[in-house]
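Shared between the two complexes below is chain A, which has chain B as its partner in the first and chain C in the second.
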Partner chain A sequence: MRRRLAWALTALWLVSGRAYGDESEEARLRARLKPEVATSVIEVVRSAAAQGLPTAPLVARALEGASRQAEDAAILDAVRRYSAGLAAARRALGPTARASELDAGAGALMAGVPEDSLASLRRARPSGSLVIPLVVLSDFVARGVPVASASNTVLAATRAGAADPALLRMRERIHERILRGEEPTGASREGLRELLMKTPGTPKERGNRDPHEKGRP
Partner chain B sequence: MRSMSIRHFGMANAIAIALGLALAACAPAARAQGAAAGPAWLRAPQDRGPLAGTVGVDERRAWWGIDGTLPLSFGLPRMRTNAADQPVFGLGMSIAGSARSDARDLRYTALIDRRSRLDGGWLGISTGGNDGQRTKLQLGTGLWRAIAPLEVEAGVTSGVVGTTTREASHWKVIPDSLHSRDTTTFRDVDRSVLSTTAQSAVRWSFGRMELTAIGGLTVGAGTTPHRWAQATMHLQASPRVLMLAAFGQRPAASMAFDPSARPQTMVGIQVAPWGSRDGLVEHSIVPVALQWRTQPLDDGRTVVHMRCRHASRVELAADFTDWAPVALIATGDDWWVTSLTILPGLHQVQVRLDGGAWQVPPGLPHTNREFAGDAGVLVID
Partner chain C sequence: MNPDDRWDDEVRDAYHRPIEGEAQARERGIARLRREARARRSRMGAWWVDPDVLRVRPLVFAASLLAVLVIGAWAGARWMASRGAPAPPRSIATLTGESTAVTFVFRAPGATRVSLVGDFNGWDPNATPLARATTGDVWTTRVSLEHGLHAYAFVIDGRDWAPDPSAPLAPVTTFGRRNSLLVVGEDQAL
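Presenting the complex of A and B:
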């Protein structure tokens, strides 16, 4: 009986802690934002915590806005939209998606990548981390590759079993091509072609990334 | 006597040149990406633009010059002449004049230049120029290599130089019983002789300043071997204005492909009307972030290493600093470092050099930030 009570109290404490956000996060927000803006942002953060969404990216958005002296309304709007992005990312990536995946997914969605693409990536790599594929996808879009081409490139590479280091190498090669003046769509197509040529015959390139492998940014 | 003279004059320079060549050929290339590369006169078409005017004063007179260059890119499709980390193929042509502007003062050069950020080589042909000699045709070739923080350069220029010698003609000598009469006359004879100049240079760039020490040996038929040396300083006052200074002597042959060089000690100023941020400023003046590295520590902190050229202040802002700028500490050799607590997960980071614009650290994937523009994505396991 005592043990059950202890478990229940622990669970309640954990849930309440999640639901009301991290106190240190709230303190940081109050220290950097105007009181009324901080209050509104904290409401959004608490709401996200209650939904089980990661709150650190929301706090980071707000503090980034404060640091760059953005207008109060713009800060609040950005935090709300990113919270919605995190929720959409979880819809697309599934309830078991990790915080860093949701953050990367929200970033991709904010860059214009459709939810379908995220869901397709999850199907292509059902159990492994999608952080790097999503980071690479957002990188392509940020470098001017059209969203459809970027999505297709990363999806095709992931479906082919390209591991994270291979995806990062492909990103570097495509980046180099774009720097040389190649048109981004063609550069991404060539980068994918190079990767696919190497992927099939190299078992090490297949499957998910070994957590001890180097190559992360 | 002549061979003794060659040995005497040439030994020190031969050793210096051999050393320069050996260094250039064998030393590991060490210049990182992003920095200006190659001799200033060679990269002028890309850095400075197609036209530059120079005025100055040397030991003898005031002088002026106009240098026009036309870079032509060929070889690889869509190759940009200032593309990063790519060899550049180019063909240039320049015309230079001086204060006594006549036809002999025109100089025409054509160059083929292949380079990367680490090393390069050039091959050129030049004619004209009149810094004390009538140069008919000169062929030159050279190579350079970066050995951070220096650049070492070696080259050879060989050409046909016109010289005037005074020759005596003895028409007749008529001795008589009381007197003798010498009817010797003199006439100037133009001769073309082959002259070869071997030279080596060491160049050091720091911010807007570039210092070069150049020396060499000139040998030619009928002339005494001549060793020479000159130190030059270039200071980029603005994207369009370059201050020049030189101390020492150098022969015309060593300037066959460098219109801004002078044979004597001089000071000058060069204005390039089409100098732009895409050119020299981007490559030579603006501090450049070259390399980014993170190293996790046992105590949970992460050491951030960044390599930057020409930077006097390096800052980092990221979500793990609450987007407040954190200054990195210089550790030498262009490296900057700081240690921070970075929790596992996905992070966004930007860097700023000398208070300039925030930018993505080199090598990191980009992501667009609402307030801060592009940021780099850092994944901490």
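Presenting the complex of A and C:
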């Protein structure tokens, strides 16, 4: 009897907490957006929640649009597209992907990274978090590295077993090279080469091969 | 002894005969040379300080000035490079349990107000102002963030949005400018 009561209370606490969270998000949206825009955005958010997608990134996107004084249609469009991006990221990364992975994956997909690349990343790191690899990939695309080169660079590094700190160091080195005026594709190639040369257990000759060549990595 | 030999002896004697006052004359000559050297040195010193008119071709003057400037700039750049360029300010994250305290650092020359906006404060430009550091154009603030992926930017003087130059960039530009990305609780992206 006590156990049932405990389960009931726990369930009630979870439901109330979830409901409170949703109400809190909706209240924030209504406080910052025009009523009709807020209603439309809330519909998208509720639909995402029903699909089991994270809703915080959608709310954040709407609030960012409000702070940047974007047009109503642009805000609603951004929220809808990001919701679709989250759904696509879950398709690519699998049903067990964490909220932060879906968030990072949605951004990468919206920047033009194909779903196959995300799925390959998941296969390269089946149990570990993909947040840092996806953030590094997104950063490369944002800095002008072509999507194919950026995807291949991060995928090759992840397959080689590079840990997150090594990926972040590679990002910084490639960023510095681009700032010095190097062409982004060449900079990413050299950054990956340096990482592979320093990654334990990676054959040295592998670091001298071009990871961007066809059929690689 | 024939007359020629005698003549030779007389000439030789006359040549070796001490001249009256020779030593005094030598001393006077040396003293005169020293005076002339001192006077010459004095005139050279006066060249540097006495007002005078220098006649220089304008083209030569301009070329000389340009050469001095170029050499000076080159030498200065080499000196700065040897000292190492100053590192840009970087945001720093430190792990403190379930959330993480993150110090955001941003350089904004000439700004009168800088604030931090992100998904953690509802992108509200008034929520998280930065304080100006004692070093002038560097602004900082410290925020406790939950673990996960965060997007953020800096707002300068309430109107200009700028990403963090030391952080990864978000890949999409939905509302005009890119945001920065921060991962808390993975391996500390910053």
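Simple rule for what comes next: the second predicted complex is superposed on the first by the 178 of 217 C-alpha atoms of A that agree within 3 Å, B and C clash if a C-alpha of one lies under 4 Å from a C-alpha of the other, contacts with A are read in each partner's own complex, and residues count from 1 in each chain.
As a convention for this text, a contact is a pair of C-beta atoms (placed from the backbone, for glycine too) under 8 Å apart; a residue touches a chain by one contact, two chains touch by 3 or more.
All values derive from a computational prediction rather than experimental measurement.
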Combined model on chain A where chain B meets chain C, clash or fit: clash
Touching partner for A:P165 - first (chain B), second (chain C), both, neither: second
Touched partner set for A:G181, first chain B, second chain C, both or neither: first
Touched partner set for A:E26, first chain B, second chain C, both or neither: neither
Colliding region between chain B and chain C, picked from 5-13, 23-31 or 167-175 after the shared-chain fit: 167-175
Intersection of the chain A residues that touch chain B with those that touch chain C: 28, 32, 56-57, 60-61, 63-68, 70, 74, 78, 82, 99-100, 103-104, 107, 110-111, 131-132, 135-136, 138-139, 141-143, 168, 171
Of all residues in chain C, those that touch chain A in their complex: 117, 119, 122-125, 148-149, 151, 161, 168-172, 174-176, 178-179, 181, 183, 186-187, 189
Chain A partner contacts - residues on chain B that touch it in the complex: 78-80, 83-86, 317, 319, 322-324, 343-346, 348, 363-372, 374, 376-379, 381
Residue ranges of chain A in contact with chain B within the complex: 28, 32, 56-57, 60-61, 63-68, 70, 74, 78, 82, 99-100, 103-104, 107, 110-111, 131-132, 135-136, 138-139, 141-143, 168, 171-172, 176, 179-182, 211, 216-217
Chain A residues within the chain C interface of the complex: 28, 32, 56-57, 60-61, 63-68, 70, 74, 78, 82, 99-100, 103-104, 107-108, 110-111, 113, 129, 131-132, 135-136, 138-139, 141-143, 163-165, 168, 171
